[in-house]
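What follows are several structures.
In the two assemblies presented below, chain A is common to both, partnered first by chain B and then by chain C.
Presenting the complex of A and B:
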């Protein structure tokens, strides 16, 4: 029976491929949605990942960077620097706001850099140079492309105009384009004289970041200190959390669609071959064997769809940002694997209707004209 | 043609149901994605419009309400009040905060208001009375299992939830409302502000214009008299926020809608392929009767278009059901499908993918040999 099921399905390759492609599309929708949130979440931690200090120090009560506001008195940076084991402290100011280039506005993380704070600046330059004096800005190359701006053009942050002197690479996502401006300029926009937002702390070799973070929290008044790992984990988890429910719901919706496509194809196979099935039944083939055949057809459709979706996800999706640079897409192995598990459920659910149809099929049908 | 299709549909009700469901679900998926995009834009627009006021004052150079830091000097309120044509000025402060419970962090937009600009659709509890009172959006309440009467600790400061409000979310972020007394207590009792001067005390001003004055003239007069502010109508500000949302959501949802249209095309192709294969003898007869390939293509396309037209109500019903389900279980994401542009776009896209999908089995039709009529029924 199973051999018959496979043979009958393969005899109609167009139908198999069409339905598998439809199911693949449904899977791709979910994987793509997940890739968007994962991509944005990954990019949200791009700054922290690339600057990579051992410890992040921020205002007490704050535990991440995305959408957070943190202010520390400047003398706290001196306190941290005086601690044994601290090699270097790089303060930055930071503002989550909107950057305007011509008529286009984009979300941006604005990082204010002190003159000697190169280690907290752009990690890869595509064009131009880093900031040197007041009124200069480095923006991501993708943002420049989207807004049609380039070196020498002006962008606005609130009512302040900045001249683009450099274009950085790897610093853009839709939710946070990272721009770098001189510290004093951002301080003036924030009206936050005498304060920093975050301290990037590098340790001497041999010092444990976790122990040092605890020491900073103990010895410096009203600050929070987190290791690089914790800091990134907090931001990434929060960003992903924002999309968890909608990704789950889209998964349910798209899986239902996949079940219907599988069910439809398997059902059409039964309808088309009902005389053959009637003969098989008349020859005494048991119900379990018939069900096995239907399930096999259903599983084959679902898994062909899954393989097509997995192929598309790993081969095509990573290249989409080349066409649409504003998208940051990260395909997760687990998101694809989940679709594989879902394919099992879809195989069973999709087999239900045709299986019910087969059980009702009268062997006497074989004698009909 | 209509009669022929109708008879075919009646011939196998289960197949008809499955076909309608399969096509209907593709239409529903397209509606949900487009509704998600429109819902996001609508939420962004609504957040500004809900604040009321004839005009809104923002920090000079700022032109959005969402995701910006606007800081106005305290004295500017008096200066705006003094402009002829201004009948009242209401302060508004917005602060981005992170709420953490059981290890889950949720970004929260706290709106501090005094006499205007508060929540609109209170579904549970009451408005603000005490200093520590806070009103939160239903999505935050649902996510963290909070209700009126519970404490909402932010950075260690204990707000008391006194009301749950509906539809106060934007950009996948819930809003919360507190009084100025509450905000000051938050600043003083916690350590989030090293100095009170650093945190914004005044972000926006909601301006009421006297009935006899012209809104645009008053806006111009304020900008001239108080250079530290820019003045927008709520419509202008909401338009800017929506434009920002479009930059973010546009390409993402555009791709999702394209993928769902491709699925629709494939499903339609699959359905028509099965149809044509099952009816290949009839197509042979039609060919024998002198139907040209072009005419036969017309028959297949007409059938596909009719099928989609039949599936549309099912798709709309499914889409509406899904939207209602999502809106109820995850109120952070508004799915807004009952918008004539969405309905028109989806209907048009469905008809296009149906016509295109119907062409998939056309090769089979083209190859149908009139001699097939004389073959024995398989």
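Presenting the complex of A and C:
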């Protein structure tokens, strides 16, 4: 039975590859959307992840960065800095708005940096230099590519022109492109003299961020203080509400599609071999052996599809951002491994009904010449 | 001494109910001995295939019993039947029914894989059958590369691999030309004589009558001995074979005349160029 199952599957390589390709297509979609999901998820909290202070301090009532507005009086930074255990406080101003480059507009998060605020970004430069004086801007290299701009070009934020002096790496996602301008320029745009948006707080060694955050909230008036972990979690949750949920839903839809394609392929495989299965049954093959053969065939088709999908995922998907820089893709080994397990499970689940039908197949079919 | 190998008592199979009820098999008693060749003939739709399916444990009767080698297969639970089919029965079909992905040798050995142990013996027997049935040069060939006659010889070897006491053959010469049909007939004859198998053949092919020990006629679900005077002989215009028009199933009409054929192949050939065959048979042509 095993020999027949293997040889009948391999005898029609075109059909095997066609079926496997159908399943691979569905798996590739799942892995692709998972990669987009992971890429966007990672990128959405990229600023917090890369700057990585121990504690974030913001206006009371604010608990995240995305789409949020926060104002803190500048003296509150001094209050925080005076607390025992605080090593350094780096204030930033922050605005989410549109950057215009000619006719092209792109949504961006603008971070205003004080002259000595290197630790607040950008964390990796691709081209050019960091900002040094008023009227300069560093934008993500991907955003420059999408807007057709480069070093020396002008971009507009509200009614103010900035000259691009540097292109940063790892600061772009479709949900948030992070641009850096001088603090005074952003303060002027925001008309928020004497205020900051967020404080990035670094602690002395040996101090617990959770305890220190509680202390800051307690001792500095009308502020919220969150550990890095809490702040990222809140930002991620906000990002999920903004659009990552859609990507997640698409992943679910593609997974469902993979199940349906695998089930349908298994069903078609049984339908195609119906007559041969009737012959085998007529000759005296038992139910368990028949079901085993059919399930093995389905598992093999799904496994072939999975291998094709995994090959594509590791070889092709990492090159997609070169063609579509606006996409941030992260292919996870575990996501692919999970897909392999899913492939086996859904192939067996998909083949169960046709395999069960096979055991009920009328072996007298063999007499239909 | 001849032993009863196959016996049916009051075998019935009805389809539908009420006004639409069809009595395909309506109380058949049949006894077949070892080494005996029994031919079952009858018009199309007379219940021959239903009867063969029940004798082979492929179809459950409404009532009655079937005994194979002393085992009442109609009272066996469903999960025991496959083993009976594998060990006690060999099937030969009109459409050969070989497994397309397997070689000649693998096809022959397939039923042997359904019984436990004896792998070495099975290979030796397959070698013997391959040699006896003239398939030595085709051992590793796939079915699609075989002629009709070769396919049927493989099917017969497959049916014999487990040395079953009963061979059930459904139109074994139906898809073969006259030469191959003749060969298959002689093989079945030898199987009965040499192996002591009881061979039950359902057919329309009058050539098979030559090797039969008994000819039975199935009509309206009932089985009876056929009498010689019920023949109505005509000739296949392609191969010239004598055919009983009353039992023939393959016909073709040309210029308002009805012709009967011994096989699908002859019918197809005739339909391609009917004039050539009619001219050939015309004494003036």
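Convention: the second predicted complex is superposed on the first by the 300 of 369 C-alpha atoms of A that agree within 3 Å, B and C clash if a C-alpha of one lies under 4 Å from a C-alpha of the other, contacts with A are read in each partner's own complex, and residues count from 1 in each chain.
FYI, a residue touches a chain if its C-beta (ideal position, glycine included) is under 8 Å from a C-beta of that chain, and two chains touch if they have at least 3 such contacts.
Since this is a predicted model, take the numbers as computed values, not measurements.
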First, second, both or neither for A:333, with chain B first and chain C second: neither
Which of chain B and chain C A:314 touches, first, second, both or neither: neither
Which superposed partner A:61 touches (first chain B, second chain C, both, neither): first
Touched partner set for A:75, first chain B, second chain C, both or neither: neither
Chain B versus chain C as contact partner of A:279, first or second or both or neither: second
First, second, both or neither for A:287, with chain B first and chain C second: second
Contact breadth on chain A, by residue count: chain C or chain B: B
Residues of chain A that lie at the interface with chain B and also at the interface with chain C: 275, 369
Complex contact set, residues of chain A against chain B: 12, 14-15, 18-19, 21-22, 25-26, 28-29, 32-33, 36, 59-64, 66-69, 71-73, 95-98, 100, 104-107, 146, 156-160, 174-175, 190-192, 194-195, 222, 234, 237-238, 241-243, 245-246, 249-250, 253-254, 256-257, 260-261, 263-265, 267-268, 271-272, 275, 320, 324, 326-327, 353, 357, 369
Residues on chain C engaged by chain A in the complex (per definition of touch): 49, 52-53, 56, 58-59, 79, 82-87, 89, 91, 93-95, 97, 99-102, 106, 110-111, 113-114, 158, 170-171, 174-175
Residue ranges of chain A touching chain C (in the complex, touch as defined): 1, 3-4, 7-8, 10-11, 275-276, 279-287, 362-364, 366-369
List of chain B residues in touch with chain A within their complex: 12, 14-15, 18-19, 21-22, 25-26, 28-29, 32, 36, 59-64, 67-71, 95-96, 98, 100, 104-107, 143, 155-156, 172-173, 190-195, 197-199, 240, 243-244, 247-248, 251-252, 255-256, 259-260, 262-263, 266-267, 269-271, 273-274, 277-278, 322, 325-326, 329-330, 332-333, 360-361, 377-378
